[in-house]
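Chain naming follows the written order as A, B and C, and within any one chain the residues start at number 1.
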Amino acid sequence: MNDFPLRLRLQRAALVALLLGLWAPFKVAWEQQISRQQDEIRYHGLVMTRELRDGLGQGLTIGVLAGMRSVVADIIWLNVTTAWENQEWFRMGGLINLCTSLQPRAPVFWDMGGWHLAWNASVAAMHDKDQPNELRRIKASRFWIDKGLDVYKRGIENNPEYWRLWRDTGMLYDQRLKDYPKAAYYYKEASKRPGAPVFLERFPALMYDKYHGNDDQAAYAEWKELWERLTPEEREMKEHWKEKIENNIRELERKLSVPKEKRIFPN
Amino acid sequence: MIASLHRILIIGRNTLTEAVRQKVLSVLLVFALIQICCSIFISQLATPDLDAAGLFTEQIKLVKDAGCGAIGLFGFFIALLSTALLIPQELDKRTIYTILAKPVRRAEFLLGKFLGVVLLLALCVALMSLAFAVTLYWQESIGLATVEASYGTAGDWQHNAHATEMHDNDVAHIISQVRDPQLVEAILLIFAKIIMTAAIALLISTFATSWIFTVITTFLIYLIGHGESLARIYWLAHGAETTIWQSGLIGLIALLIPDMNSFTIVDEILAGHQVPWHDVLNLLCYANVYVIVLLAVSVVVFDYREL
Amino acid sequence: MPTKIDLHRGGKPPKPVDSILGPGNKGGLGQIIFRRYFLENLIRQIPNSTAHPRWISAKNVIGERIDVVVDCFHVLYFPIGNRGTITKIKMMETSAMAAPPLAVETIGLTKRYPLTWKRKVLVALDHLDLQVRQGEVFGLLGPNGSGKSTTLKLLLGLIVPSEGEARVFGLPPDSLEARNRIGFLPENPYFYAFLNGDETLRFYGKLCGLSGTKLEKRIEELIDLVGLQNGRERPLRSYSKGMLQRIGLAQALIHDPDLLFLDEPTAGVDPLGSVQIRDLILRLKKMGKTVIFSSHLLEQVQEVADRVAIFSLGKKVLEGSLESLLTVHQSTQVLIPAEMTPGQQDKLRQFLAQDGVDEKEIRFTRPSLSLEQLYLRTVQNQPDAVPKDQPRP
């Protein structure tokens, strides 16, 4: 039972309206500022699209709305592992898509997802007994490699600072697609990222070495650039492998018959 | 003024004592701690890292997500339930009459009860964070042990410079992911979100007739709050294009409902990305001011409430 | 609005008010000694000039009612308004007995509850005019739902009146100063069940502003006073009803209030405990405190109260001192310590009839103990229980 003199009730309503009314414009302005700040970090905010919602189902959608996006993504990711074990490749691909859509800024999904597709799925396709002939198998395997590549590349788009994605793409080009120039490019980018292991800086040059001896010029350019990039102290440091670089440069200089004045190691 | 704060503190401590001496709370807390610790076992279900590529990133990510998720979820429930019951319990048991017969202002009473809830939540979050830290450390030791094992089998690797480098790299990778100082930011943000939930529940409970109403309404506001940023952006950009009703409704959401989605920046922190401290402080200040506004309105509404 | 000066018994000086002797003269009371004729006028109208400072009511030149104090040296102390000096006081009225400010005063106090379903209005309290003086023990009687609890809640500031005004020591009931001087024992004591006796008293004591050793000493005193030594360590949820009443009394008294509201103080308490509570009330009265209590146990009310008010359906139906209300006029009781035979009774009748007393209305009865006295005598082994009708010592 609530009897309050009308005067007091109006007073209360007025006070409440005043407090909220003063706060509302500040609130909106502040929230806008925070959103802007955060979008820079998030890079790609999550927009709950129709496909995403369908892919998630009702329960998980509520989970996402309740702010448990990462946990939902993790749960879905566990299913990726199961799909891999059961060799359900298309289902796996769909789930990987879902996870990466939910958390585009979690590099692990792109990284592992790409790996599952480009390596596991493609190798399985290679040995797939159900395919009638070799050509079909190669085609199927190539299909999965392309899918994996796509995942890697989109992952790089979303997480350009994450060195592993660059490295893994490079590795894919290097070991499966045998496309050494591209591999060299990706390895180079990878070595520039924070946290990349030091030995990656040698990989571009090594790629050109591997390039069936067809492009000694490019190889030489790479080695030279590497040598020149290092400061005198760094050259002495063990991890920069001074001897190896030096040997390679010497050999290439000899092979390419670089005139003595232009050589780094004239003798 | 000092006397006023003193009374608020007394009521706050009393509320905390009451909550701590209740069994229900311990049960919830135990569940939370169990979940956090069990995330270790779930993490082992993730892709066993065959190569250096993932290097326990998945497992560590799982532990982090599950841990912070548990703190957020259980913290949310503890905040919601304990705050929703605050005033109705006092009214039902009529203990409020005895207190208000003493020289205590209603505002002091309300703020004191809220302070008790805040202290309770701080305690719970601290305990859960401790469990979280322990679990993370456990995951780290599993990871490191496995790395040692895998390198151990490759023969005499210490002398191979390349392998040493890789090994050190892997170890550093694991440790940097686990001992991420930004996790403190994450915990603080989760705490702020929980306190905001409590403040909303307090406001609703000052005029609600039953605690169930408070729980449901607060839960709804919490959910709508996650979409508030979309509503606000849409309203500011396209407000003039919609009908007056739609515009009014969306506008109402934008003006009154808090932006819960801004707290999901925690996901970024858990994914390992850099979130600068001053962004976090900005968000914490926003939450702080919002809570103060909610408390002020609660005090006004409660002052005029019939007992 | 002039402020009141509180009279403190026991020598603690009141808070200083602005002095009229000049703006720089803070501290101490403003005082003025009136010109002689005016003073004599004043004194003539005060019947018993005793040594104690006394309140008298007066009106100032613009007709505002103010309270002034006359002390044993016939010096007037009066509160200063914002306007500075008040040079003339026109004595308009004095009370025959110097009237201390009323402990409780309600003027037209009304509380209505609208019943939204039935579109009717429930009048819980209907224009109550009540005055309780300081130092009185006042009983509120009436059936359930007659407005007693509503009155108490209004006087405690827990609810807001629809009409009218309530004042406690001249202050609004929801002010902190008023509540500092009030102690409240609720019906079905409402305390936190998870605290034990000590903690409860400590909690309420701290809320009243007590602390430290002073608080601890006070807790010891009260525990002794209400007799709760063996229960102080146990949580309140394990207390019996009687123990709850006791702890309730203790917390009501913790800050030594001047006014006590007791809602059904002896409900559910055994007769021995009842007697103890009754004695406590009388002791409090002797200390000068005011007690307002409501009870259904009419016997007990009769033993303790000075004045009572009877409520019914939200209205105060009857009010007055027990003596004036209960005395049956036009009759006399005589106690004869011997058994009278019918013959003796007739003789007495005739004797009185000669003086004009109506024979037929003379009744001879056997005096009897009250059940309470019998019980107490049995339980406490009191050989000299007093029969009911003997006048109180």
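Going forward, contacts are C-beta pairs under 8 Å (C-beta built on N, C-alpha and C of every residue); 3 or more make two chains touch, one makes a residue touch a chain.
Just so we're clear, the structure is a prediction, and the values are computed from it rather than from any experiment.
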item: Arrangement of touching chains [line / ring / star / complete / other]; value: complete
item: Chain closest to the middle, measuring from C-alpha centroids that were averaged per chain; value: B
item: A-C compared against B-C, more contacting pairs; value: B-C
item: Centre distance in Å when chain A and chain B are each reduced to the mean of their C-alpha atoms; value: 29
item: Euclidean distance of C-alpha centroids - chain A vs chain C, Å; value: 82
item: Rounded Å distance between chain B and chain C, as computed from the means of their C-alpha atoms; value: 53
item: Junction residues of chain B, two or more chains touched; value: 306
item: Numbers and ranges of chain C residues touching at least 2 other chains; value: 160
item: Residues of chain A engaged with two or more neighbouring chains; value: 1, 3-4, 8
item: In the complex with chain C, residue positions of chain A that touch it; value: 1, 3-5, 8
item: Residues of chain B defined as touching chain C within the complex; value: 3, 6-7, 10-11, 14, 17-18, 21-22, 93-105, 306-307
item: Chain B to chain A touching residues, read off their complex; value: 42, 45-47, 53-54, 57-58, 61-62, 65-66, 69, 72-73, 161-162, 165-166, 169, 173, 193, 222-223, 226-229, 232-233, 236, 254-256, 258-265, 267-268, 270-275, 279, 282-283, 286, 289-290, 293, 296-297, 300-301, 303-304, 306
item: Parts of chain C lying in touch with chain B, wherever the complex brings them together; value: 153, 156-160, 176-177, 179-180, 182-184, 186, 188-195, 203-204, 206-209, 251, 255, 261
item: Contacting residues of chain C [partner chain A, same complex]; value: 111-115, 122, 160, 162
